Amino acid sequence: MNNNGYYGRYGGSYIPEILYTSQQQLLKEYRQAQADSSFQLELQQEMQQFSGRPTPLTPCRNLSKLLGGAQIYLKREDLNHSGAHKMNNVIGQGLLVKRMGKKRIIAETGAGQHGIASALIAARLGLECTVYMGAKDIERQYPNVFWMKQLGAEVVPVTSGGQTLRDALDEALRDWTDSHPSSHYLIGTSCGCAPYPEMVAKFQSVIGRETKEQSQQLFNALPDAVYASVGGGSNACGIMLPFQSDVAVELIGVEAGGRGTKPGDHAVRLSNNRAETDSPAMLGSPGIAQGFASIFLQDEQGQLQETHSIAAGLDYVGVSPIIADLAEKNRLRMIAAKDDKVIEAFQLLLRHEGIIPALESAHAVAGAISEIPQRPKEQNVVINISGRGDKDIFNVASAVGDPEFDRFLSRYLDQSLKT
Amino acid sequence: MSNDRTPETSQLQQFIQQERKLKPILLMTHVVYGYPSIEDSIRLMETLLESGVELLEIQFPFSDPIADGPSILNACHKAINHRPQLDHCLKAIESFKQRFPNSRILLMSYLNPLYRYGLSKLVKEAATGVSGLIIPDLPLEQAEQYRKDCELAGIDPIWLITPDTPESRLVQHCEAATGMLYCVSRRGVTGKTDSQKEDSKQIPTTTVSLRDYLGLVAEKSTVPLAVGFGIRERHQITMLQGLADVAIVGSALLDAYDNGGLRQIRQLITTLRGKN
Amino acid sequence: MNNNGYYGRYGGSYIPEILYTSQQQLLKEYRQAQADSSFQLELQQEMQQFSGRPTPLTPCRNLSKLLGGAQIYLKREDLNHSGAHKMNNVIGQGLLVKRMGKKRIIAETGAGQHGIASALIAARLGLECTVYMGAKDIERQYPNVFWMKQLGAEVVPVTSGGQTLRDALDEALRDWTDSHPSSHYLIGTSCGCAPYPEMVAKFQSVIGRETKEQSQQLFNALPDAVYASVGGGSNACGIMLPFQSDVAVELIGVEAGGRGTKPGDHAVRLSNNRAETDSPAMLGSPGIAQGFASIFLQDEQGQLQETHSIAAGLDYVGVSPIIADLAEKNRLRMIAAKDDKVIEAFQLLLRHEGIIPALESAHAVAGAISEIPQRPKEQNVVINISGRGDKDIFNVASAVGDPEFDRFLSRYLDQSLKT
Amino acid sequence: MSNDRTPETSQLQQFIQQERKLKPILLMTHVVYGYPSIEDSIRLMETLLESGVELLEIQFPFSDPIADGPSILNACHKAINHRPQLDHCLKAIESFKQRFPNSRILLMSYLNPLYRYGLSKLVKEAATGVSGLIIPDLPLEQAEQYRKDCELAGIDPIWLITPDTPESRLVQHCEAATGMLYCVSRRGVTGKTDSQKEDSKQIPTTTVSLRDYLGLVAEKSTVPLAVGFGIRERHQITMLQGLADVAIVGSALLDAYDNGGLRQIRQLITTLRGKN
């Protein structure tokens, strides 16, 4: 990143003037904190004591044998407190909020993972917490809303636009323009105006640093390839950036292929085009929105589009400027996995390794599975399991079509109505 | 307040200063192109221009208007369903310019639709009808080429400043300003918040009083000042007299239109002008 | 334990003759494995690589301040793979099964936690898995059943008796009498015939060993008191046994007070009586059932009783012989927490520390909270958070009465019916 | 097969050996006290005794009968709802003993109800009516006191052995055995499994053949052999002749009772005896 927060031609800070002071304060405090060893120590301590880091690197002998190609290792971010890598980021930003002396955090959330992570850290650090969430997402992901409320967070339904993540993000930004002197906007992925992409990527890069060390311990070398799912891009940045200058390590991002290539059916921003081909007919194209320049799914008029993925955390309309830049420079290869392949990969990991990945992470697995059989057995491949899949029971049950689950819910409701 | 320190005064600035010699304060009304439909929005603009507003701010809608509150946000989202096109919008503005020579038109939009269109190209093409451009998510730091393009095309890039803008940065903006400065009177987005919470009897400000804030800006600035966000009633405009050159009415106008159509719009303008 | 598997007058092996050979084989293999450093290494490795151990010890400054007494630390078994301490045990027994060359595991489960843990380890180690679960429990806890099935386990509904954990346990034993040469019965808690109580306690004792080390690191001393919930007793044994001979460390077990003291309303086996008073009018009394001697909830005729707890994992009719013995010898003090206090403690931990405990573990928290204000500030108290509470959303939502959750389920069902 | 190696032969053993002189094999029928009700269960026992079964095994129900399959399990759970009491059960047995001197009665239960009652006390009190005690979850190792009590009271503690019992342990059991040995013919619980899966034409066994298994036991043992689990048909009993002294019928009896009451019971006994 250069000093203005650019990664190649992506990034920057495109925000309403009212946010300038707070953005500058954040930038300054973040830089100071980065150089402050006591902050770094506190960060490391909280990651260990609260979230249980380091997370392990798990060898998958069964799956490796089944696929007959490279040896597979999983980086287990699902074992973090709250069940996803999102925790790394909220711990970092939460401690920064304390440092800045602010009392309240604002967060946007799509599926609810980042909302829960924010509510958890707010409770832990004694901060107020307001979470913006699309009204449709609230309907679809109410269990997460329930936990946020139980944790003491205020959950504000966003009824504008498509009533999903993008609208929640806009609304959180609006709150911030109103409340910035006392509130911090805790962005959940490596998007947004500078220094958010850099900062989130940095807090997440503990994933990659650990992976590097653990690879040496487990197989005495760096991995030959690293796969991660790409929504906003934070788990991918987290595991990949520490390998950026190790050019022998292949980096592969997997985005949501959804149901198909029609607008609104996917969240394929990068893998179907080279960013150079700046044509709006491509799936994603360069744009400047929500505070930063990157690749967005948009129409010819520059209106952002609706998206879809079976994994709610991957249906973001934009992508981290860091990812966009790495893809453009061919340091990162982007591929997409469709919903049905994702369910297959999900089931494969359950059956053969006893690990339940988030549907987001199952994209990384699906992507890896599509390539591993062609890789020589001597290679070692790391897949980032960004989160756990318990949360996805409603989606998975629909996808595999288990009528018993519906019957269970009916009974629960009958019971509940009686009492 | 404007004074004459700038060497070359822009068209827009000259217009405002001219008008101000006749009136204590001017009115800038804000509408969304394409809301409730392309045609109706054009009729609304015509009505406003006919009613004699000095400045018309036309917002070309974007799907993610992060600095706008519920009324305008909603209007933008509805407008997008009619697939508004920037070139059509520019054409409409050009025709207004010819039909209503006593008003000036400003085009407001977020960066992305303009960026997709090509910002340089837009600036050039807009020059035929548009006096100034307002892009709330394009900060001064990112605007070198844009400013050059504007200067070349003879369009004013309108900068926004807020009560939270630190003095050093205020000075930068004042130095960069041509045409006018858009003074946001408080934190938050357009429309709602303060003005709704605190019974809309006052122009909402943050910690500094509005008088001090605008006084400071006037001191540093050579261009006219427009004050926006939250203006709903005549007395708010009266209070601004002597502090600013232009009062901006946005959400209130949309709300009036939604409640009673063009009739209500004419009524509101009359009320705001203090003519009844 | 003496050689026959007795802890004082509890424990032993009271099983049908047909199981004798397998029980003896298990005893032998277990003893050998204990002495085999390569087994111990493999065990430790799998606990780290698969389950993410060590789990942290989390200081709780907010809650400590709020209660104004001893300093509170949480041992975070909720961060294990599968979200509970149950994982420690299934890893241990799973590796033992491999060692014995058996191909199939049988497990009983109540709420489903041990069932899922068993299904996970079976998938991981390439074993077949049959889980017995009361038909009523299946109805109540279908999400867990869903995951077991997705993991490839066979889930057998048990329709006899009360159709809950006890019946499942009986049925699992029946399967074992049939299949023991090729199948291992993977008991989920430190109950059952010898060597199960000892073995499960041993596999779980990693909790206490880590706690001991982490206490030294965090506050330079052993804890003054350790609280754990007691269902079958495995998480309590796990955290407490390594402190057994550190007599200055007070050990407190918390059992399910349920709704009241009527039979069927609670699972208070130990805290309301001293085992010496061998009167059947007491809540629990000595008995011999399900393979071992211990304290059971039973009527005058020796029939085992129904139980209740808001935490499904605590409503077991018996208790580990190790726990019964420690309580009888006053090394362990048993108290009970009622359902409503448990919900209160649950909410307190959410709001003030951002940690969602299992309702089982919330019993330990509730017990601790009732005593901590009276403890001096200089004391350090460890509470075992045996598992995480996501799984308890249905119970918690009923208890706090959130109508939105019901509405969410209705919508999901409507949707599901349409497609 | 029984022989006369033991110094003091128990009452039960003498009875069995006596009866065996007259019949190729004896019948032991199994019933659950309290199922379907206390009264009905007593009527069922009377019916069996009237029909001349040599041995009647009465199971005092326990809530958690881990060695029993679905039929008996279900019967036990139903029986418990009638709150069966052990002392009443003993009284009933005592009266049978007097009324049916040509049969012997064995009491079977799991350990816990007996333990709650007091095992020593039970053994003493049972002696008036019960010839032998069967406790499937009390292994030989845990039974020192119990065996002493039994000896003192003149009751036989009946031990179970299985095809999986290793030889050294078989020898121990044979040495300890008095009255008779209860030979389980296969793995698993009472009732179902093999006998239902494999069309019930054979006596199910595990790997060793039944003949070899019983042969080995007979070699080591001095007491009569009873063989149980899975007997449903006459020809199974015929097959046992020459291998064992007593054929045990449990689940089949319960199933018959459930299907057709006492009438069906009489029918089944007649069939099993080969008298039709």
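Going by the order they are written in, the chains are A, B, C and D; count residues from 1 in each one.
The rule we apply is simple: a residue touches a chain if its C-beta (ideal position, glycine included) is under 8 Å from a C-beta of that chain, and two chains touch if they have at least 3 such contacts.
Note that the coordinates shown come from a computational prediction; the quantities given were computed from them, not determined experimentally.
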Distance from chain C to chain B - Cα centre to Cα centre, in angstrom: 66
Whole-Å gap between the CA centroids of chain C and chain D: 38
Gap in Å, rounded to a whole number, between the CA centres of chain D and chain B: 98
For chain D, residues contacting two or more additional chains: none
Residues of chain C engaged with two or more neighbouring chains: none
Category of the chain touch graph - line, ring, star, complete, other: line
Touching pairs among all chains present in the structure: A-B, A-C, C-D
Contact footprint of chain C on chain A as seen in their complex: 48-52, 55-59, 62, 76, 79-81, 83, 119-126, 139, 142-143, 145-147, 149-152, 347, 350-356, 390-391, 393-394, 396-398, 400, 402, 404-413, 416-417, 419
In the complex, chain A residues that touch chain B: 4, 12-18, 20-21, 160-161, 166, 170, 173-174, 177-181, 280, 285-291, 296, 298, 300-304
Parts of chain B lying in touch with chain A, wherever the complex brings them together: 62-70, 73-74, 77, 80, 83-86, 110-117, 136-139, 141-142, 159-162, 164-166, 169, 184, 187-189, 193
